[in-house]
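So, here come the structures, one by one.
Consider the two complexes below, in which chain A is the common component and chain B and chain C are the respective partners.
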Partner chain A sequence: MTKLLTSRRSLLKSSAAAAGAIGMPSLVRAADAARPIRIGLLAPLTGVIAAGGKELVEGFQMYWEQVGMMAGTRKVEIVIEDDASNPDTALQKARRLVEQANVDFLFGNILANTGLAVANYVKNTGTPYFIPVIAADDLTQRTRIPNVIRVAGYTASQTAHPLGDWAYKQGYRHVATISQDYTFGHEQCGGFAQVFTEAGGKIVQQFWHPLNTSDFSSYLGQLVTAGADAIFAMETGADSTRFIQQYASFGLKGRIPLLGSMNATDQSVIRTMGADAEGIISCAHFAEGSTDPVTVKFVADYEKRYQKLPSIYGFSHYSGAMWVDEALGKIRGNVEDRALFLKTVLATELVGSPLGKTVKLDAYGNPVYDVMVRKVVKRPDGKLWNEPFETYPQVSQFWKYDPETYMKQPPYSRTFQGIKA
Partner chain B sequence: MIRILSPVLIGIAALAPLVLPTYFVSVATQILIFAVLAMAVDLLAGFTGRTPLCHGAIFGTSAYVTIYAASVVGWPIGLAMLTGILAATCLAMVFGLLAVRTSGVYFLLLTLALGLIVWGVCLRWTEITGGENGLRAQLREDLGLSTRQLYVAVLVTVLCATAAMWRLVRSPFGLTMRGIKEGEGRMASLGYDVTLHLLIAFTASGFFAGVAGALYAVFNDFASPSIVQLSSSVQGLLMAIVGGVGTLFGGFVGAFVIIAMEQTVSAFTERWPTVLGLTFILMMIFAPEGVVGKARLLLKR
Partner chain C sequence: MFQLLNGMTFAALLFVVASGFTLIFGLLRIVNLAHGALYLFGGYVGFTVGGIAGSFVVAAISAMIFVAAAGLVLDRGVLRLVRGGELRQVMLTLGVAFVLNDAGLVIWGGDTLTVPTPEALQGAVVIGSLFYPKFRLFVLAMGIAVFAGLWLLLNKTRLGALIRAGVDDREMVEACGINIKRVFLVTFMLGSALAGLGGVLGGTFLALYPGADAEILVFSLAVVIIGGRGSLVGAATGALLIGLLNTFGQVWFPQLAYFVIFGPMAALLAFRPLGLFGKEA
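After this line comes the complex of A and B, so read on.
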């Protein structure tokens, strides 16, 4: 079976080469059109982030269903594998998708460690791998892998940079930060801290708490006495829910303004919350409460289909699928030519997507966005969502720094936060 | 029985990569590596009667050290692997010093706690271990081994390790280990230094877990806290139990059954952990002596 497939593969390759040589791409198309494009989707359907994994699949499937499971003239097949929120499982499943299911490219994953494991694997196989949610800065910076592209994704610090600038412009001069103690948190916090302190602000204190902290009281007590004008909280998932609730129940809400990382007020967190979450400010490249007609339509469609507002996971995979589909259309579905495919994806500027204005990728494979400053407000029907009220146009992963200079500084970590004394 | 079966099985294992697609070759490689881990657990659980819950941590330490030495320090891969195995052996010796005086549930809990310390260190010592994100390397690429070649290399190493463990449990030392399991008080009164024997057994077991860990580092090119966490130790123990505690070769069967089931069941349902759990429960009810243990009993009848 595999033998057969391999020989067919090499046949395709050689015919592609031959066709390329005599300049007859139509021949390749005729041969390829028979076979559907296979996409391997890796999603954490079990484990700590299973809820997000489900939304990831929903967003991805919703896009392909809307376009009739077709990319250009070729049918699309999606093979879904559960990465169990575990990097070793993710790696094993990526192997299965590439070597056994013969997928043309990989998509997905949520947790940075799963994404990094898969990226390390595709470095050798050359399989294109698209990561709309994996935010580890270095995947499109210091340790970039050419076939790993962050379509419709973001680096951890990308949306935290403008928030640091915005906070300073609000007149905040002293900010305390609290963050989950892992790389994603270090990077988001670092992005905020660097821009804020370079503008002239001061980080009075930084708190790092382990993942799955159930009781924030000891941190909240110290946050009150830290002497901060505002507090920046980097939280995700259940930690975020608990932090925001306890922030309110300890009476800090209304006393000290709360700024959140983009995930802290994501739909996956606030859709089950009440007034506690209202008024939190965050920065992101997406706001479900935007009045942009394309976003409004996407949000309405999603809500109709799944009875909930889209989270960053569903949204990013919907947009990521659209991005790759756009590129596939340009090359008439010729995924077999990986170099051409990757080049085309990198060069594709996405127009009319729920991402908002035209979005393009920078030279490192990370999108440049208009980043919105958002506030959690209640919709007329009582549901909470993020409404944008200010925009930072064309924010790249390097903020306003020169990429080369920026990458010379060490990656953000617990010990390096880019803080200018 | 072993004499007839083993050459046949080794022959099949050696020829397998010629016919299997590459993905299944890598699954088979993984089975072999975990079989060594399961057998290392069995050395303690099956032969000295001390059930450890820290072997994932020892295994993972070896993988971490191997990857760190090779990719960060830049040592040759062979030397890095030896360092990894040495680190695992030393760690096991330290764990052994702390744990061998206890037995039963206290031994279980103590080793569990020791394993968790390693996990905590890997998670928090970000500068060295990469924290949650772990360490990555390109060992397989650097060695220039294809999937099939790696399989053969692993197979040879695993067979050597298995032969060494087999020799160990059949030696007078191995008989002493069994003696300790059957009647610790009697062995002591016969003049055997029980603590010393247990310490040596623990260290040897850690050495073999380290061999598995170093192989895993090359196989996976990646180490993260998930390989040193409790579930990894549990998996090693589970494989030993499914195969049959005290049978040694049960490790192969256990690793095969669990990894093969993960592979097949997860292809059909996202509830695969549930299916696996139910299978283990049924197994414990109807064949608590494991696959190999049950087979032996049936053959004897």
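After this line comes the complex of A and C, so read on.
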């Protein structure tokens, strides 16, 4: 936290300095070669997802520290702004970063609505914007913005598709879903429901609850009687903690198998939990319990640096930073040529990824991953983590569908869940 | 039956928190917007102490003491400076809420934490085909106990009489030679302690995280507004109403989960601006 505070403070200074320079843009341009590359990092350091925001910053900073704050031959400066988990603030801070702090590109955000606000803004300015966590499907599908690239990110339904397939293969035929009532939830449930029902399964009931539901008891009562072989829960943050705990305390654990979205059993949720979370199955491209030596090393480094296992937020921003750095290396740090920069990022294959495999982007700017089926288990030292036990190789955001056909169907929403009757 | 229990256990928690809120609101005429933050802090303190001492009772008591002390500082330290200006007092408590929030984030980080459930209350009771967590029943019992305790305090003791008199007519009490400031202080600390207790209870079955304070504050506000300022019976009725509406609303009208609570509240206010049991000040 001290680190964060200092960076906030130095940020004040640097943005003040930048504000002073605004009057003389030509002067700034002239010094380009010697000038450090300036990255604007937007993170929710306060508000509902503050814990995730802190880890986002940690992962991002850890990467740049490891490479000595250098991209190619140029120094890197990170300017951190707090988006307060709020789209209005996110937009205002993005503006400040671009117009006053003169950053070369933007990075970050966690909540879809904050990311969409910033994406809409950079659509007009052309500022490159990288979103390792913003998962809204359409940002790399139906409504692509060329300068918004999901380096080291994922779409909401990308990992839900294989889970639908896996659930059917386990012999589950009737599944009920429960999800937070917002786009990210609609898209994950949709991805799961479409693949699961097309295989022949049936979605018996779907529950949508408001974000920040403190008491799940009424939903749990209905889940018991829904007649489901398994339950798919799409939850993030505190909702996830509460749902999993109440699922256990109401005695559903052990009676009805629980499948989770990747974020439901993310480290940011399970690191403070106990036996209640054990045994939950989820699908994701990252598993901190993987035995791949590269992942093992990354997890150990992260744990040493921050005394905790990496969450999806830390992992994604570490990888995202690496991705952009690899691209910058190829063009010798020439971030001023935006078109070249964006083209290079899109063409770059991430060789050093903590996943231990090379990751590349599809033609729409979204990575293709080997998606793992994971289970929450206890490590020998008592900490919980996700251990992978099965892999779906090379899963793109379009699953097994043809991209053009897939994008002709409407985006997943509360009313369109891709369910095949 | 199952959903009825759900509603009532949630109502019991709301009552514990809102009864403290309504005491302060009724007597001091302050909408203490830091009440939610005090709740969260109580939960956090309970979490830390519970982790060290390993005892739920110790955790609950230390949270109450700590938060009561925080209430003391709040009342003596800052609210005293703006006594009389109601709007300024409200704004000040909001500021305090923000400060406490950020302090919580610095000290405990933003991860979702849970106060450990005491051994004896883990697991569930089976009544017929019903499967119900023991801890929630305990919360229900606590809610009833707090109601009984407060009722006795307010109706059978001198302090209670002073508080009731203060709610009705502050100046008159002062004119009788009572040191109303001290009554204010005691009430403030008592109300805060209840927030702390609520924090430990809530922290056990609803978890603690940044933002929990605002959620519980909104619910408490609704409870107090429906029940009427400073009324204990009102707070109990309001809590029951909100708890049940919240639960059954989720079951019957899942799309309108929030409207179900605040819709009726708005309607009620239109006809009874002072709440069900509120009295003209």
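One rule holds for everything that comes next: the second predicted complex is superposed on the first by the 387 of 421 C-alpha atoms of A that agree within 3 Å, B and C clash if a C-alpha of one lies under 4 Å from a C-alpha of the other, contacts with A are read in each partner's own complex, and residues count from 1 in each chain.
What we mean here is this: a contact is a pair of C-beta atoms (placed from the backbone, for glycine too) under 8 Å apart; a residue touches a chain by one contact, two chains touch by 3 or more.
These numbers were taken from a predicted model, which means no experiment stands behind them.
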Contacts of A:222 with chain B and chain C, given as first, second, both or neither: second
Partner chain in contact with A:100 - chain B first, chain C second, else both or neither: first
Which of chain B and chain C A:46 touches, first, second, both or neither: both
Touched partner set for A:245, first chain B, second chain C, both or neither: second
First (chain B), second (chain C), both or neither touched by A:332: neither
Contacts of A:271 with chain B and chain C, given as first, second, both or neither: second
First (chain B), second (chain C), both or neither touched by A:124: first
Footprint overlap on chain A, where chain B in one structure and chain C in the other make contact: 1, 46
Complex contact set, residues of chain A against chain B: 1-2, 45-46, 81-82, 84, 86-88, 91-92, 95-96, 99-100, 112-113, 116-117, 120-121, 123-124, 136, 181-183, 186, 413-415
Residue numbers on chain B that touch chain A, as the complex places them: 21-24, 26, 30, 124, 126-127, 131-134, 136, 138, 140-141, 220-222, 224, 226-227, 263, 266, 270, 272-273
Residue ranges of chain C in contact with chain A within the complex: 2-3, 6-7, 9-10, 101-102, 105-106, 109-114, 123-124, 131-133, 135-136, 202, 205-207, 209-212, 215-216, 246-248, 250-251, 254-255, 257-258
Complex contact set, residues of chain A against chain C: 1, 46-54, 207-210, 212-215, 217-219, 221-222, 237-238, 240-242, 245-246, 249-251, 268-269, 271-273
